[in-house]
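Here come two complexes built around chain A, the first alongside chain B, the second alongside chain C.
And now, the complex of A and B:
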């Protein structure tokens, strides 16, 4: 059964000169995608409220003083948006340079492709440029926090907090460039409120949070996604029946995710579904 | 909300500090002793997240720093997750999460003090008190620019105390005054040792002043003196006009915001008053932190009742029952005087359930900031009051629709609000004919301070009053977020400064002569923005760091590639940052490169 929703008005906007019609409440990003325009995003999560912190999705809205984040700005009737204007491309290029020069984007999907596309040169800030480099935090057997790869997109905090898990084990601490994702007084996760649901790992866009299995295999050099199969099944623990996607390499489960389009769980799992596959 | 704590217990002193603010804990859930009743009934616990910042202040004021036990206890009392409270506490520079001495000296090293020898003061303080970090720390602008170079000592205790220091009395060698000045203890409960009887207004007592007429002339503690000098006439007129009439007067007067953005105040009030959603909130933005700005402090210290009356009028016009006065933590004198004024006004029926017998209910809650420039941003101030990290929200929605606690909110700067009094006293037309504006003159002048001029005067006229001490090389208008100008004949109006490629901003007029190390000043501006960036968006968080790095390289050796880099990063910060901080972080540096040829 499909729940009926009240009919929504449609809004006409112009994306790069092309007329697009989207439902009221849709974002500029939705409109861009409807128009077939690819706009890069990092901090945008399909299951989360947009935080628009990374600013890699900025577009130029005609008449506006500053650029607008496509991921969160709502499309308004008559809006004329340019996704590839000189100004928008310049900001995107610089944002990519700033990110790539301060954090390790080696495991960020599509980062290398965008850096190439926008002609970003992260090395232009010199050898001495400050970075967030630090050793990975390995304080439990289930997942690893490698904050040298963190771009501070707030997605893990939102997933852990009131948007999904309501556990509130982590928050952004400090200010400015020194801000980090942290538990209270930087305590180890095992001492914190963390329930090891792994929903933060599910939403992390850069691989700063990763399964211990994946982290170890990457360190050994044996992680190879081309040799992995993905099988979606149903969790066998309780009656909720969450969907699990088992990532299998060499006949071993190496990672468990969950489909984000599931109308009940939206990609969220508990510790058992996410990590309790040892019995398989 | 289910909370998990580590095993850290508060000390008796920390517990007492929190209980003094919140009262004793009602249940075991809130950290009290477990009773029989706790086992029988489910206790109801109201999350009071908005008291988080006051509670952190309570502990920091009493003990000097916030331990894990104290933080946990605050979290239990307010039902706040410890990780989030840690994130909030670590956001503010006046809080320490590590042990430190009760007394900490904050030495201003910002623009106005720097132009008058703050570096020498810093060296002497370091020689006296050891390396920075424990007994003293370098501070962004303390808003004591008319007494530059300045410092502020905050001493934790019960009650906490403070002392304001000025090293200006040793011209030529401000550092030499350090040992003598530091010997003065903060014993006299903080009535400032420097600047007593010097309200920072060189024009004090001059006839024709509007906004500054009482400053330095009237006892700021006395409500009777305030009323005897015309106080509460404007509110009486407001009650005669009715809310819509007040808004009409403010619209007709053409008043625009004095905090820097110059948005028409009447339109803001009108939009808030029309919102069907209730309650409406009023927020007075007294988080004056733009380097070189001190007009709001002078107003609040010298004429606190005027701000209270003006807030009451604003609340009456826009339908607010509650107003928050958010004042920066570095203004202890102003906090004390305002607290006294609010209490007096309340006891005399000028605040409360029935203001002046007109059946209008309004009260003011004073909230102290804790060292974060960004909290002066109009939406960051909401997050700070609500007990979250002071990060700006994205707009839309604008505060008039969804502001404090998600309700329609009107946010106004102190000077903006105080302007409403003459509008109502004289009528919009008479006010608009001679609209007053305050300027904070500091740097290389003989008579620094807050000056009141009517719009239309030129920069030269203002400088003639303040008497520059050397050849004026440039003037920084609008503070760190403003721009350098060299043309002294530009009119000091919003349009005039805009045409000159500058901004009036918050009214900063920082005079630079040949003795000032301009490269050092630019580095300080870059350092300021890097320090004060909240860290939310990438262009500002990383861009301000890259800007500072490039300036360091440039001050050693000028390379064209670094100038290009500065420009490109600056443009991205201006275009793609969430809030005004990142958007303006490159302004002053750009103007110095282009107009003053600093790196030629």
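And now, the complex of A and C:
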């Protein structure tokens, strides 16, 4: 009775000279990971459709005129990919320099490591280089929008929009360098369509969106991930059975996330599951 | 803001609750049970088990009731929400769970959300619905209010409160008259079709329009869309079950699935959305008066014999009291002692004043909770427990029957202890030397007694991110939907046929008249939960307190404006709340939540008219009047 998926063909590709076999429909990024090759990503989300916004994952496909974003380009039979070619490394270096010179990547996991690995020098554009620096928007008690850290990857917009939450509280406003993620008419969140599910925070790659608890603790210097435990349990509110990962420091819940590969939630929660833990 | 957690035991002395040691509190609690049982027999005891706590706690709780005390008087607050779903589904299919899984919602063609504000009340379930809509599924919302769910629907059928059966009957009649019923399925897998066909015959589209207020064309469209879909899902929530004839409402929806063959196949099914994290599991574990763990029939001597052999005591061969009957028995003096675990009936029951009166007649009341709730404040002994979902190990079972692991992330505050530890300490004081070293040990005992859970080891639950019951074997998994047997061609494998129900329309008990001209219905908001004990503890930007919501037309007629405080009076009580204007309501219909009982006790307005089969109260339909407050002087 259960409709079986049509059998997926396997595709043979070569990653850095190593033969890899992946299911048809897999991306080059999937193939790289299967081959044990670490390719940096920022705008790629494991629960979202690829947006191709950041270009930090580009790789060189043999015979192709341009570099290909590994996160969205499908693996094709016989494809030969080089993740560390001079051209790919140079491109990644420039992307990192442009991003790090304009946005604050201090809370982006692994950014510092990549900058060193690719020899990026974000300061080479000089002190006059344009930045997105601005004060953090703190307009509610649940989460903070610090757009000085925003790299415009659009993941929050997709999570809030038709890919998951379908609330459409935020979108891209403006053009070019002045583009920003914004509520309608740049209103405070509390006057927007926002339902405070925090599903945008869940996918943000740079910490531009962060829970108020984390934001405050970072500000006072008490945020310490090495002292935190992560335990996945089940939400205590309605009967849907959402999986919550509780980040606990000093026997206090400091952040709630959700496993992205879970069949119930796919990484999403509602305001109660994400924030309704105040009583424990 | 919010309630403080309980951090140490309390006992009543000279009318006041005072701090006590665990030793003293446990001795007092056990002594009171022993005294009452010695004087009146085991049936003077009643347990309300916690639909918020783990399967393991619920198993030990019902075992305490049946083994240590020796009665079947155990129930939980599933009585106030989904007992009718369980009663209806198990009467037809022999099993009380929803028949489908969330993934199937995404793969279906037509979704009917009947009396379900899932967009606000079950937001992550609604994500699966939204996936289906983006893939091209059609959705019909049947609800008196134009809810967040209805705003996503292709058609909103705004029926009058309490006219679900006429609407379902009209849908059925239209399907039959259009020749769209599934004759092969009806013939093979059901009984009672002819009587059913006759019973719906009077409900023409026009007759239904008169009674339900839904245009005939919309009823017809729903009927045709549902019947002609390859796959269709029928989902419901408390809009169906919080009525005095709730089990009949559930049966009316099940009739539609039987008529069209939309059950027992991938993508087609019946999904009641459960309101509390483990209300499904509480029933599955036997924390209800008519079932043993594994939802096994307590009246079956063979099943009782297995439990008697495992537990070493005889089990009463009869149903115990359900929550509603317990409250009545308290008034009659037949139940004299009560053990409430994590329940707050003083604020969650319809007609809350009557509930307080009844609890106060008990000789001995023990409350085990994480907060000093209004109910706990009435107790003789208060035992501080850990919060199940993050302070203990165990499992919960969700609305798609998926058993998932609950893990301990925090130490409970102060002297608060694990529920199972407390139950074992009390059992020991009452002559049963129980010892469970871990939740897993309890679970393995459940697995040895419940075939539906037998294959669910903790290791497998972890590896597979939960398993849906039934799971009889450690080596295999069953399909994600139930009752595939109904489609078998071999009659032996097909098993008992599913009966159609012949039902009568019974309008809400609380009649709308000149004195009480408005229909009050109740429900939840996105950011709050039930009596608000938990959800009041976080600073939600969405929270705006209790209001009486009404449409602009009614507000104008009453001469009131948004924010103005008004008096709302029913035949039972009267409260004051500010007005909130909501164009999603229709004239004559007003709405309140139950989230803020300490400010506005909505349940002093609601009626305790209960479903005779499942015992659920008619929270969804009270008659009220709304009056302007007259300034004094």
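Here, the second predicted complex is superposed on the first by the 276 of 280 C-alpha atoms of A that agree within 3 Å, B and C clash if a C-alpha of one lies under 4 Å from a C-alpha of the other, contacts with A are read in each partner's own complex, and residues count from 1 in each chain.
Basically, contacts are C-beta pairs under 8 Å (C-beta built on N, C-alpha and C of every residue); 3 or more make two chains touch, one makes a residue touch a chain.
Because the structure is a prediction, the values reported are computed rather than measured.
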- Task: Kindly say whether there is room for both chain B and chain C on chain A in the superposition, answering fit or clash.
- Result: fit
- Message: By the touch definition at the top of the document, which applies to A:53: first (chain B), second (chain C), both, or neither?
- Response: first
- Task: Kindly classify A:15 by the partners it touches after superposition: chain B alone (first), chain C alone (second), both, or neither?
- Result: neither
- Query: When the two structures are overlaid on chain A, which partner does A:67 contact: first (chain B), second (chain C), both, or neither?
  - Reply: first
- Task: Would you sort A:196 into first (chain B), second (chain C), both or neither based on which partner it touches?
- Result: second
- Pick one for A:174: touches chain B only (first), chain C only (second), both, or neither. first
- Query: Is A:241 in contact with chain B, with chain C, with both, or with neither (first, second, both, neither)?
  - Reply: second
- Task: Pick one for A:184: touches chain B only (first), chain C only (second), both, or neither.
- Result: first
- Query: Counting only touches as set out at the top, which of chain B and chain C does A:166 meet: first, second, both, neither?
  - Reply: both
- Task: Pick one for A:128: touches chain B only (first), chain C only (second), both, or neither.
- Result: first
- Put down the vertex angle at chain A formed with chain B and chain C, C-alpha centres only, nearest 10°. 110
- Message: With the superposition applied, I'd like the minimum CA-CA separation between chain B and chain C in Å.
- Response: 5
- Task: Would you please give the residues of chain A that touch chain B in one complex and also touch chain C in the other complex?
- Result: 166
- Query: Where on chain A does chain C make contact in their complex?
  - Reply: 1-3, 140-142, 162, 164-166, 189-190, 194-197, 229, 231-243, 246, 248, 251-253, 259, 261-266, 268-273, 275-280
- Within the complex, which stretch of chain A touches chain B? 52-56, 58, 66-67, 69, 72, 74, 87, 90-91, 94-95, 98-99, 101-102, 124-126, 128-130, 151-152, 154, 161, 166, 168-179, 182-185, 187, 191-193
- Note on the structure: Note: in the complex, chain B contacts chain A through residues 1-4, 6, 68, 71, 81-87, 90-91, 93, 97, 372, 389, 394, 396, 530-539, 541-546, 549-550, 553, 561, 565, 568-569, 571-572, 574-578, 583
- Per the touch rule, the chain C residues reaching chain A in their complex are 1-3, 5, 52, 102-103, 107, 121-125, 127, 130, 134, 152, 265-266, 273-280, 370-371, 387-391, 396-400, 402, 404-411, 465-466, 479-481, 484, 487, 526-529, 533-535, 537-542
